[in-house]
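Same chain, two partners: chain A is paired with chain B first, then with chain C.
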Partner chain A sequence: MSVVQPAIGIERSGAARSSLRLRIENNPFSWLVPVALMLGVFYLYPIIDVFRLAFTNATLLGRDEIYTTATFKALLGSPELPDILMTTLVFVAASVIGQQLFGLGIAVLVMRGERRKLKGMTALRTIVLIAWVIPGIANGLIWQMLFSEAPFGAINSVLRMMSIAPVAWLSDPTNAMISAVISNVWRGTAFSMIVFYAALKAIDATLYEAASVDGASSWQRFRHITLPQMRPAILVNSILITIQTLNTFDAIISLTGGGPGRATEVLSLFTFNAVFRNYDLAGGSVLSVLMLVISLVLALGYASMLPRREASE
Partner chain B sequence: MKRSFRVALLATAATAFLAGAAFADDLVTKDRVGPADAPKTLTLRITGDGPYSNEQAWADGYTKLYSDFIQRHPGWQIKMESMSQNIGQEQARMLEQAKSGNGPDCGSVDSFQLALFMNAKVLQPLNDYFTKEEIADLFPFVRDGITGPDGNIYAWWWDTDLRVLYRNKEIVADAPNTWDELKAAALASKEKGMEGLLVNGGRWEGTTFDWLANFWAQGGELVDASGKPIFAEGENRTKFLKAVNYFKDLVDSGAAPKRIATIVNYDDFNAAAAAGTTALFIGGNWQLGQLKSALEPEEFAKWTFSPIPGPTADQKSTGTGGWTFAAFSKDPEKIAMCAAVIKEIYSGEGNALQQQLPTSKAQFAKFDVFKSEANQAFAAALVNGRARPGVPIYPEISNQIQVMMGDVLAGTKTPEAALDAANAAVQAAYARL
Partner chain C sequence: MTEETREKLWDYATYLMAILIALFFLTPLFWLLSLSLRAKQEMFLGASRFIPKHATIANYLKILSDPTFVRYLWNGLELSAIGALGCLLVSAPAAYAFSRFWFTGKSALMMTILAFQMVSPLVILVPLYRYMSWLGLLDSHFGVSMVYIAISLPMCVWLVKSAIDNIPKSLEEAASIDGCSRFGIFWRITLPLAAPGLASAFILILILNWSQFLVPFLLITTDSKLPISVAIFNFAGSSNASSTQVLAAACLVAVVPAIIAFLLLQRMIVGALTAGAVKG
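Coming up: the complex of A and B.
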């Protein structure tokens, strides 16, 4: 009796737990509500508020808000916006292409090195990752010192030692954009490398063995096995780094401040300046909505190219 | 016996000293001044001018000033909030917080942005804490800057600064007095292996502020009495273009390197002076102390300063800035405590500690440090001092001048086209304000 009683107790408590689990599983709202609440408060509400502010004349200067579409018209019709969008397009496109190419190149290099059991592959991965963990502001400052056009600027000093004329890295509008892209590619390549390295690891080795048996060259194996197998990874990576680059302003603000003139003023920096320099909360909100729309359109565009899973899978 | 008594006395004194030092340290912690269990609290938001300054001497000096202060005000603790280097963002954030009632009790407000805070009606009057004589003794531009439309003072402007032309006497013996003389001196310095004249020219407030001296020297006005931007109208347009063309000519002629379009920090001038690559730069008065620290004494002895040259010898101006403290809290006790922080720590003692120029004649006379030849010269130069207009549109005017300067110096726009673009953007922003 004394032995049976606890067993019944355990069974009862086990049954109670199982019943609770069933109830939770049957009523997803009980565990979805806290998550939805968190997402709503911390993600959805700010987005809704940005949309609301975009339809006002709000500033940080303390006057009463009125609802109006004038801010939308003023900002979207401003003569600076086309130049800002073009600068953003060049910066984002060049950065995304650069990060993907270098990321893929390094990932392939590391994979081949590992296959050949070469030493130093882990060190190589770590070195690339260091750039990724450096904050944007610090990244901008580092490159500002390197690109400095002062007689003691790092890169130009090396060029002078090699009897090469110094380059106007930051004072020339075209070079300033190239410099901003270089600094952003340097920082962002590691992320692409990680994504591509993981994707390369997942490719079935037998595909390469079969291709080798058929006499495929390295380029043919890369072109017809590696790239098709990595397509989903490349597209997902494209979505992620496009949105990330579109939102990048910290590295630019510390590298060029958006100058000379507006040569490197991308949309995110333009938005930051609208709010934090001109106190134009409504104008900044309009530009934020524009950035959100651009990000969504690009993400949907990339996503539509992703291979779809078969229904049976 | 006598010996052991002396030893005991010494030990007691040493213990008391160490305990006192430890007590002082305990009173100023990473984010608090005063005992943690003190019943009354003042939140104070400051820049680097405080116990957490990067300059060790300033940090030590302020630690002592705060420590002494809090011991004179028992029952209080000060919760310290530090601003980052991104002052524009910090000020915008503080304004927004103050508007929603979440601002600090007391805080540092950049003098040129004070009008925005006053217009937003987030500041409390400080008249009761300063005598009429103290207010009357302030330099006129300072008094005007802190006085609201109702005649009350809404902050205390405790330090000011101005821009001057620094030169290496060994390379540029005589002080250039006019634009032409400065250009000639810069070109001559290049022949001696220097870079020429260095000035701020990148995308930041310093570019606008330093260049404005050349516009103001001709009598140019950015805004009218109602705050409307008028810099591109009538005579102002001519004066504006003349000042822009002056900078363009400096770069085109080689008197200034093209890289000035990338300079966004006064520290770059110190670096160039230390590297011996420039003999001329337009910088702030505070840089004299920095040069003294950075250069060997014999090198520092070569450097001196003079007023910024104007288009003619008698047309001169210089931008004056500085920091204010203002009370955001409506609690009378906290306003009084804020005023006490200003009077007992910053206005006077803080000026002397940092060698930041005071804002009244009395302070110049009170502290020996301001009786030095250099500081007397800075005080004299304040006669030509001019503060930026305290109007809501100023940040956008400044932003557009920075863009314009970059476009002109890089050669992507003519001065006329750049001015027209700047004016169009400013007028559009003004219409939305």
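Coming up: the complex of A and C.
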């Protein structure tokens, strides 16, 4: 390595400057300035502003705003909100449970295959992961082509070939929700799978050996070793994917657009419509605050369930 | 039944499950491919023409010869790449500090940064839309890239930190003894050594940026500045039953770059993802 900054040979006036420079360089916080600036300008300030706007009557059309709690009361008391929250709850809960179970199942399967040195396990892992890199908008459009009730709809045309009556996947409210969940699970499972796969790999193999010596069945090994060891990973993953699903927007807007009626209008879509369709900036801000509060409560709720050891890391 | 025959039976069951799972994940993509290769007449035959009798690449020729469509692809790539590169530049010093300095409140700060990831982009876009309009940053790729950078920062800081954590400190100490300044060490030694980790973070963020929809959808108004993700959404809205085969081709073209990037660098990405997932 070449000498980069010779301490000697700097002229006197430069010495003071270089000691200042040293002080800056050795202070960890000066290294954090770029990140703090970016997050401050593009995250913290907008978040604070969302709280401020929630107490105004602001619109995107830009008239003078006054401070009021009327927007807050109007939105929280609106008859639509309970339905929207219920839709959101169903969508998020079903997606999260589906992604976790499916993700865990695939991770266990891949691990078993690898232990038995079966071929094709990496390929399986790759296939699952491909769905994850597909843009949310494309995800919605692709599934629309599968669920479509038009002649090119994949699922219905297969049903027709088997002489089964076609199903109204997207035009029936209940089915539309099921369709939205399926498409979301298709794209989201990969993340859970990779988290669980990494957690499974980290489990000490001697635990299983000891259990085998004690004559534990494979179900007992799964129940008493795998699951307890996976607890932290399952909890962390729950937080991450719950919040991800709560924020899901693109995949739903391109699959169902919130319909039929409002059957799949989740909170994020409702917020979007409030601001950018109805120009109701204040109302959208109230809903944004609601989204933030729900995320925060979820995160704290899950975090409190984490074992101490994990929390301190 | 002996242990070995039982395991053999389980092997078959594993394969059966693996095939079913693979089918579930691949069918949507094969369907997309099938539709995109059809002429209008064969669209109405649905699944009975899964392999089109008169396969045609006309749909691809149609979109790829459209200069605006190529423009959308380029916009998507440009925004994703600038977003990912900017993100690395901003997060690398912070990641270095988190990896190499010890100070009170460090883990709390790291958790705070991660907490921003819990905030939906929709929440920040509500007020940002107004500010960016005041600042004249609406409808500009610069403004959109800045928001991309901010959105992927939390994950990027954590990814780069774990990459720097893996570099032995002895090399930096040697340079320090040689009189290298702290920043010089960071720039000339730590970052080059962390290059594989930086590269995997770059690719991962590039792929995630490629999926960005909400930010460009709201902040860009000029059609020719839109990235591909928004363009295919707009196209889907304007298309009808007789142009679904073209939409399928457009979708596939939008999806393929992300898949190729992922396949080429799969090992790196999975490594970064699992490192981030286990720690984060």
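The rule is short, and it goes like this: the second predicted complex is superposed on the first by the 271 of 313 C-alpha atoms of A that agree within 3 Å, B and C clash if a C-alpha of one lies under 4 Å from a C-alpha of the other, contacts with A are read in each partner's own complex, and residues count from 1 in each chain.
Quick note on the criterion: a contact is a pair of C-beta atoms (placed from the backbone, for glycine too) under 8 Å apart; a residue touches a chain by one contact, two chains touch by 3 or more.
Just so it is clear, the structure is predicted and the values come from calculations on it, not from any experiment.
When both complexes are overlaid on chain A, the residue A:150 reaches chain B and chain C alike.
By the touch criterion defined above, A:59 reaches chain B but does not reach chain C. Within the superposed three-chain model, A:259 lies in touch with chain B and out of touch with chain C [touch as defined at top]. In the superposed model, A:80 lies in contact with chain B only, and not with chain C.
Residue contacts after overlaying the shared chain place A:225 against neither chain B nor chain C. Chain A has more of its residues touched by C than by the other of chain B and chain C.
Looking at the shared chain after the overlay, A:247 reaches chain C, while chain B stays out of its contact range. In the overlay built on the shared chain, the residue A:277 is in contact with chain B alone; chain C does not reach it. In the superposition on chain A, A:173 makes contact with chain B only, while chain C stays out of contact range. With the contact threshold set out at the top, residues 60, 150-152, 275-276 of chain A are in contact with chain B in one structure and with chain C in the other.
The part of chain C that touches chain A in the complex is made up of residues 7, 10-11, 14-15, 17-18, 21-22, 24-29, 31-32, 35, 43-48, 89-91, 93-94, 96-97, 101, 103, 106-107, 109, 113, 115-116, 118-131, 146-147, 149-151, 153, 157, 174-175, 178-184, 188-189, 207, 210-211, 213-214, 218, 229-230, 232-233, 236, 241, 244, 247-248, 251, 254-255, 258-259, 261-263, 266, 270, 273-274, 277-280. Every residue of chain A that touches chain B in the complex is listed here, in rising order: 57, 59-62, 70-71, 74, 78-80, 148-152, 168, 170-173, 256-263, 273, 275-280, 282-283.
Interface of chain A with chain C (complex): residues 1, 3-7, 21-22, 25-26, 28-29, 31-35, 38-39, 41-43, 45-47, 49-50, 53, 60, 106, 109, 112-113, 116, 118, 120-121, 123-131, 133-138, 141-146, 150-154, 156-158, 160-161, 186, 191, 194-195, 197-199, 202, 233, 236-237, 240, 243, 246-247, 249-250, 253-254, 268, 271-272, 275-276, 281, 284-285, 288, 291-292, 295-296, 299, 312-313.
Against chain A, the residues of chain B that register as touching in their complex are 88-89, 92-93, 95-96, 99, 116, 119-122, 195, 202-204, 257-262, 264, 268, 271-272, 275, 277, 392, 395-396, 399, 402-404, 406-407, 409-410, 412-413, 421, 424-425, 428-429, 431-433.
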